[in-house]
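Heads up, there are several structures right after this.
Next come two complexes, and both contain subunit A; in the first it sits with subunit B, in the second with subunit C.
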Partner chain A sequence: MSIKIENLSFIYNPKGAFKKEALKNITLTINKGEFFGIIGHTGSGKSTLIQHFNALIMPQSGTLEVAGIKVVEGSKELKSLRAKCGMVFQYPEYQLFGETVEEDIAFGLINFIGKKTEKNPSGLTDQEIKERVKEAMELVGLSYNEFAMRSPFQLSGGQKRRVAIAGIIVTKPEILILDEPSSGLDPKGKQEILQLIRNLKETTSDTIIMISHDMDEIAENCSRVAVIAKGEIVMCMSPEELFTHEEALVGLSLDIPIVAKVRNALALKGIDVPYNRDYKVFAKTVAEKIAGGAK
Partner chain B sequence: MTAIEFKNVVFSYSEDGGTENNIEPAVKELSLTIEQGEFIALCGHNGSGKSTVARLMNGLLTPKSGEVLAFGESTQNKKKIYDIRKDVGMIFQNPDNQMIATIVEDDIAFGPENIGLPREEIGKRIDFALGAVDMLEFKQASPYKLSGGQKQRIAIAGVLAVKPKVLVLDESTAMLDPKGRREIFDVIKSLNKEGMTIILITHYMDEAALFDRIIVLDNGKLAMDGTPKEVFARQTELAEIGLKLPRATKLNSYFKENGLDLGEVLSTDELMEKICQLK
Partner chain C sequence: MREFTFGQYYPANSVVHKMDARAKLIITIAFIVAIFVVEGFFSFIYVAGFLVFAILLAKLPIRAVVKTIKPILILVLFTAVLNLFFYQKGEIIWEFGFIKIRDEAVRFCLYMAIRLILLVMGSSLMTLTTQPVELTDAIESLLTPLKWVRFPVHELALIMSIALRYIPILMDEADRIIRAQKARGADFESGNIFARAKAMIPILIPLLVSSFRRANELADAMDARCYSGGANRTKFKQFHIGLNDVMGVMSVVSLIMLIITTNAVLF
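The block that comes next holds the complex of A and B.
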């Protein structure tokens, strides 16, 4: 398995006046090969949870194991954990800093794996670093010859985001975590980023964990979804099953995909149509059922 | 009354200290009239020129050729530029970049102080503006502790405090979650009911469907201009310029293809109403 969490709790400012319980007794296993979705209202604890996954926050109580590495204070394996479990933050394009695209992408690689020296024989040579950067750029759909020497700040929003993602996957993480990867992009940009993530699942990172507010996006991509509310996992199941619980989700200020809304409304009328995230297939089944009933 | 008028406007970043790579004009021969009190969604994919058009409306950018008039005054008239910016307020995308003070009240006071209003009037304006966005109880709060939707409401209040006639929102809902987006929509809808012209830039067509008029830009030119019904009837063209139909309209078009005719549908609420009315 990829991530194993047991009884994880976290409190911000545990001794201060602004004490806030962000996570309560989370127990969750994410398996290798999953495309796992996390949804929840702003402030529900989603970000606190995923920041534990690559040891940006250390567990206060409970245990956590990621890619076979126990996340504990003082562990010498944390750098290697961060190379194995890549994290793409929300609006990652705001975190670009390199003078060139190549420099920006190589940063994490040099930092987590290191250059080859006498002290670090397992490090990478300059040539190897260049090859890895080139490979990462090609995976995110940016031509090395065209973009490597350009300033990341001159690129479009969608291109910047690709550079930022390349800077994470350059370490070939087994697990890739993305916090609202399509947020703020136009419809075409959204589609491209999601396609990119699906491609990465096939090539570099076969476990994907994605936070999103877009329920269609969750329905379309995820095999399992956890719903977080007030620091607790309140539901964890397939999207098909999850979106039948409309009332519970609306109660948590969450949306459901339009197809699920229609399905649930029809079910109340005694018309049972199986959920299908493909609008076309779903519409055809609905039309047939209703026309069939009328006959 | 005409609020904003574009007359054959051409704008290019190349000679205005913009990037060297962008030599093609960002706005090409654009003519457009916006009447006072309209409720408009301005749409287009990334790079279509929509943010440039927004910045031309209150003289943050000025045309290379052609003319932009705000309430009859040219944005190139330097003597009138403060009046124009007072009349045409603008809200940007990132709520975190628009806060300047450590207390909500001070943040709202910035605009009224700038136009030299007396102290007593500033107090009234703050209460009016916070009331309009339903944030009065946060008067003494720190903006940094608010949610994204609340911060955007504070940003709107900051602009409202100078009592503009037009409010331009440049993708101001793009970084918000669905709840925050609804909060902003409710606020601008009620401002429009009281007579304010609203222009929201967005690429969420589900959101655009809720406006009276949709203006679509493509490659710096006017591609479509009409009611949501008129614009969404041109599905193929929309797809070609990288925009999608609202989800409900899309699903409804598949129903129709398969012989289930529910009539016109522009929003999720409309579709659900029609589904519930089925025999």
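The block that comes next holds the complex of A and C.
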């Protein structure tokens, strides 16, 4: 088990005039090897929830265990937790600061593992750091020779985002959390970032947790989805099953992929075929079913 | 983070919140004058009474107002202690080695501490009950006569309101960046002072970059809406002087009169 959450609640400014109940009694288990999606209307508490996972927000009530580490105030293991559980914030390009792309990507590596010195014999040599940065850059599709020495501020939006992601995966986290990784990109940029995330699942980070506003993205990638509304988990299941609850989702201002809508409409007409994320496969099964029924 | 902004607007439905911001500004200034007119210890009771009455009228929890003096408490204590030892007038009432404490010094320190605390609480009461935009509008309105000497009153007010508006945004942004860098293992708490100063770089640079970006976006947005300064602009919220405003100003004037009479009687 990768992440185990029990009865987690969270209130912003519990004593002030701006009190805001952001999470209510969340219980959820995310298994190792999952590609887990979180979806919900804006302000529903998605970002608040995932920031608990690497102890950026401490649980106020309830318990949380991530990669075998209990998240509690004052725990000595929080730094190693953050190394194991990488977090890509929404618009991560706004956290870049390095003079060069290489320096920026190496930041996390140096913080978590450190440079090799007499006091820190398990640290990395300059050569090793360079190798790791190069590897991370290649994983996000940036050529080391071309980009390593450039200023991150002179890159395009999509390239900046890749640099920011490289800066997280450089430590090879077991769990990778991404908060709306494709927001603000054009359709091609979106596809590329998602392809990149799928590749990361195969290479560095076995467990992926992704927040998204886009049901198509969820349908295409996730094995399981949690729907959050007003700080509560209202549903948690596979995308295929989720899309059969069309009305409930519409009530939560969430849309489902057009193929799923067609599937539900056909089901009402008595042609009940399973949803498939590949619309061609879906069309084929429908055609076969109709042909079979006509026989 | 958001809690930190001291004296930040505290919404409530009260007469004080609804008062004309110009009247509140004048009352606050008069109140500050009153604090410094006081000569006898006794008059502080009037001033404090006035303040407590205003807080009750504003329906603010006393805690919210008292909390605003926290940031200056150190300053008050520090200056009070320094003055206690170095103020040179009056009779020596206590002596220990080279430390001499005089009666006048004790009086002076107490006065100063009380004045500072009343001053901060009084002006916080104003910012707690007035939206920043109203406040800058009020300043603009009160400074209007200066337009005759070609002083750019409107521009000044605009700069102030933009600055005030952006403080909470920048604080949120800083908060976000701090968390993002913490996720990359940044450590702001350990190490000596140089290490800590260096640890600030990954926060300050992105913050600076985003401030410039925001400034540019704002300038573009203003351009796109053909913003061209103060002439002939109308306000979304118009000021209206009401009975409450007149009564407020009159009561603070009476407060000053009361203090002056007390001073005259006692000295």
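What we mean here is this: the second predicted complex is superposed on the first by the 286 of 295 C-alpha atoms of A that agree within 3 Å, B and C clash if a C-alpha of one lies under 4 Å from a C-alpha of the other, contacts with A are read in each partner's own complex, and residues count from 1 in each chain.
Methods note: contacts are C-beta pairs under 8 Å (C-beta built on N, C-alpha and C of every residue); 3 or more make two chains touch, one makes a residue touch a chain.
Remember, predicted model here, so these are calculated numbers, not experimental data.
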Self-check item: Partner chain(s) touched by A:82 [first = subunit B, second = subunit C, both, neither]
Solution: second
Quiz item: Which partner does A:168 contact after superposing on A: first (subunit B), second (subunit C), both, neither?
Solution: second
Quiz prompt | First (subunit B), second (subunit C), both or neither touched by A:17 | solution = second
Self-check item: Partner chain in contact with A:288 - subunit B first, subunit C second, else both or neither
Solution: first
Quiz item: Which one hits more subunit A residues, subunit B or subunit C?
Solution: B
Self-check item: First (subunit B), second (subunit C), both or neither touched by A:29
Solution: neither
Exercise. Identify the partner contact of A:151: answer first if only subunit B is touched, second if only subunit C is, both if each is, neither if none is.
Key: neither
Quiz item: So, A:189: does it touch subunit B (first), subunit C (second), both, or neither?
Solution: first
Quiz item: Shared contact residues on subunit A for subunit B and subunit C?
Solution: none
Quiz item: Of all residues in subunit A, which touch subunit C in the complex?
Solution: 13, 16-18, 51, 54, 56, 79, 82-83, 86-87, 89, 92, 94-97, 107-108, 111-112, 153, 167-168, 171
Self-check item: Sites on subunit B touched by subunit A in the complex
Solution: 19, 21, 45-47, 93, 147-148, 171, 174-175, 177-180, 203, 205, 242-244, 247-248, 250-251, 254-255, 257-260, 268, 271-272, 275-276, 278-279
Practice problem: Could you pull out which subunit C residues touch subunit A in their complex? | Solution: 2-3, 10-11, 64, 176-177, 179-187, 201-203, 205-206, 209-210
Self-check item: For the subunit A and subunit B complex, residues of the former touching the latter
Solution: 41-43, 91, 154, 156-158, 183-189, 213, 216, 253-255, 258-259, 261-262, 265-266, 269, 279-280, 282-284, 286-288, 290-291, 294
